[in-house]
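Two complexes, one shared chain (chain A), two partners (chain B, chain C).
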Partner chain A sequence: MFQVIGERINTSRKKIQAAVTNRDTDYIQNDVKNQQEAGADFIDVNAGARIGHEKEDMKWLLDTIGPIATVPLCLDSPDPAILEMAYGMVDKPPMINSISLEKERFDTMMPFLKGKECKIIALCMDDTGMPVSSDDIIARAQKLVAQLESIGMKQDAIYIDPLVQPISTDSTKGTMVLDAVRQIKNQYPKVHITGGLSNISYGLPERKIINRTFVTLMMDAGMDSAIIDPLDSKIMAAIRTADMLLGNDNFCMAYLKGVRSGIIKS
Partner chain B sequence: MFQVIGERINTSRKKIQAAVTNRDTDYIQNDVKNQQEAGADFIDVNAGARIGHEKEDMKWLLDTIGPIATVPLCLDSPDPAILEMAYGMVDKPPMINSISLEKERFDTMMPFLKGKECKIIALCMDDTGMPVSSDDIIARAQKLVAQLESIGMKQDAIYIDPLVQPISTDSTKGTMVLDAVRQIKNQYPKVHITGGLSNISYGLPERKIINRTFVTLMMDAGMDSAIIDPLDSKIMAAIRTADMLLGNDNFCMAYLKGVRSGIIKS
Partner chain C sequence: MTDFNEIKETLVNLDEQRLIQLVNDALEKGIPAGDILNKGLIAGMDIVGEKMENEDMFIPEVLMAARAMGKGVEILKPLLGEEETSARGSVIIGTVKGDLHDIGKNLVAMMIESAGLTAHNLGVDIAPEEFVRMIKEKNASILCLSALLTTTMPMMKQTIDAVVESGLRDQVKIMVGGAPVTQAFADEIGADAFASDAGSAAKTAKALVNQF
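What follows is the complex of A and B.
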């Protein structure tokens, strides 16, 4: 089944930032509970938006979320010191968001990851910027997998993010990433493919139908995880329906549950 | 771009049957105009439901539709005598619906098709029934293509229907047809893939979301045509959006037109 990384606990979201600033425990706990009930498999926690407060905000968020979390957390920070603290505070092996091929991030994240029990999101980004072709995405994914394996990480702990780019700038940006994902999954069937989706619709109107149609296409190519808002019931409905159609939902159990709960509607 | 075969003019639909019985020219002409305006690339015409009246009903329908049709018709009958009459009445080379590997249909349709200027829907059905595996679909498609080429039909006039089957009976029925379509398109890039979609959701609730999610997956596999209701704006929105994401909509022109006309909504 597709794995949903719930993206809501991020201080770049206004209401979350206000709740963090005011140390509003109920607001944060309710949001996490709602995401879990909607089917989140991981809860992303990002405290980066209040400059100078990331460490204390992350600590408070983890203290707040810990007691009610029924799923693992996805610790989202570029700072290994903050990740080190956060890693020590969680009771289930977390997902880490993220490493990339950018030299500075790579060089600081590799020692952090070595020997840790965690999953890792690995971005196909390097110091030249975003990938420019399918082959470029694939080459970057291969480098990331090889490097992460060299420090003992298993392939099924690696979540490659191919970095979705806006279709409005170039009509081949969809097939570029779809082709790459298909080839990465062929080469490494155990490696996961994840990422945000909303970049695909940047600059266009009615973005949500683009995002949910794109996740459907990406699932056919082999994407098996995404960083999304689990409270967006239309994208969740598309994911559950596509999972059923792709043979990942025996007896249509998850689909029928989604219909009964009112998430899946024609 | 994806080709839409508008399915509405079919006497098995109650309102259409009533209009045909009453020779209600306005009703039929308005329905066809609506389908064309919504983006139908072909208008399917099926007069088979009133037993004993197919020939006169088909003749009246073609007389009625002919003057206002701006797109080619898809002549839908199992009876070559009726198809022969209908073929003589249309002013644009039509699509014919359909041939199959069932011996009787095959043996009567091949002489009809020989030398005609038309497109042909070729069903992966034989006298043993529906295909039972991806390989079975592929083998039947190969037979159909070879036979149709042997009477001079070009590959880009052939529309293979792989015959979608209900996911409710077997969770592999989706991947079975997706895998087959991908391989048929690899082998014959010019051959089209078409078909009805609604069988996929047979026996399940909220069928329309299944149908439109499935067409999105099928488009990723290589389906480039379907027999649908063009007035179902949600499936048309999914098709236009997927076409854009698959690189078939330069500068997002068709997508933006769909947004402006109100068909595409988040």
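What follows is the complex of A and C.
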């Protein structure tokens, strides 16, 4: 089944930042509960937006979320020291967001990951910037998988983010990432494909229809996870429905359950 | 005057073939190349920028407009005088050190060029010293800094600090932008202006150049 990483607990969102600043436990706990009820498989936690306060904010968030979390957390920081602290605070093996091929990031994240029980989001980013072609995305994914396997990570724990780019600036950006995902999934069936989707619609109006059409195309190509807002019921319904259409829902049970509970509507 | 309105409208309507025709017609009628550029093409792109700012036009349309304008400029370039090509304001633009995002920054550079200024697009991951060096080399009057990550926003401040230390702060106006950047952040780090999109960035850059 498709795995949803709930993106809401991020201090770059205004209301979350206010709740974190005011140490509003109820607000954060309610938000996490809502995401879990909506079907989030992981809760992303990013405390990076209040510059200079990341460590204390992350600690408070994990203390706040821990008691009510029913799913694993996705610890989201570029700083291994903060990830190390966060890793020690969670009771289920977390997902880590993220490693990339950017030298500084890569060199600090590899020793952190070695020997840890976790899943890892691996961005197809390197020191030259965003990938420029399907082949470029594939080559970067291959490097990431090889390196992560070399420190003992299982393919099933690796979540490749191919980095979706705006179709508004280049009409081929959709097929570029779709083709790459198809090939990566072909070469590594156990490796997961995840990432944010909303970049695809940057610079265009009515973004949500683009995002939810695109996610179904990406799912056909092999994307089996995404970092999204689980409270966006329309994209969640599109994902659940596409999962059924792609043969991932025996006897359409999850779809029917979703319809009866009101989550899936036409 | 009607000619310029037609050129402007044709550019806004993204009719590249017709625009090329109109530019050639205007030249045949003896209208100076500089006037066609400033009162026709650049004025037309100002409208495009405004429409972008108001979400009446979107990035693919702005790209088409810029391409059409480029075709027009190609025709005019050999006919433009020295002062018309060199007297424009010089802008240094780049993404700060540690940040590799370039899509938004490239759009801003394109719109600034289309507004009639000269944009020196340094690329991504640019160190403060490099910005300072290029301000000197290009005798720039505007510096545009882009950052797409909350983790690289502090580098904007470091870059501005480096400009202050170099003694060049009075020579340049500094603009900042990028998804996580706000007017409040721009004020906090001592930037002169903030722009939320490429259309308003070009307009702001023009206004700042005119302050000198």
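Rule of thumb we're sticking to: the second predicted complex is superposed on the first by the 266 of 266 C-alpha atoms of A that agree within 3 Å, B and C clash if a C-alpha of one lies under 4 Å from a C-alpha of the other, contacts with A are read in each partner's own complex, and residues count from 1 in each chain.
Everything that follows uses one rule, which is that a contact is a pair of C-beta atoms (placed from the backbone, for glycine too) under 8 Å apart; a residue touches a chain by one contact, two chains touch by 3 or more.
Keep in mind it's a predicted model, so treat the numbers as computed, not measured.
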Chain B versus chain C as contact partner of A:205, first or second or both or neither: both
Touching partner for A:168 - first (chain B), second (chain C), both, neither: both
Chain B versus chain C as contact partner of A:251, first or second or both or neither: first
First (chain B), second (chain C), both or neither touched by A:102: second
Dominant contact partner of chain A by residue count, chain C or chain B: B
First (chain B), second (chain C), both or neither touched by A:146: neither
Footprint overlap on chain A, where chain B in one structure and chain C in the other make contact: 168, 171, 204-205
Contact set on chain B toward chain A in their complex: 167-168, 171-172, 174-175, 178, 200, 204-210, 213-214, 216-217, 219-221, 234, 237-238, 241-242, 244-252, 255-256, 259, 264-266
Of chain A, residues touching chain C in the complex: 12, 48-49, 51, 78, 102, 125, 127-130, 165-166, 168-169, 171, 202-205
Residues of chain C that touch chain A when the two form their complex: 55, 58-60, 63, 100-103, 107, 124-125, 150-151, 153-154, 180
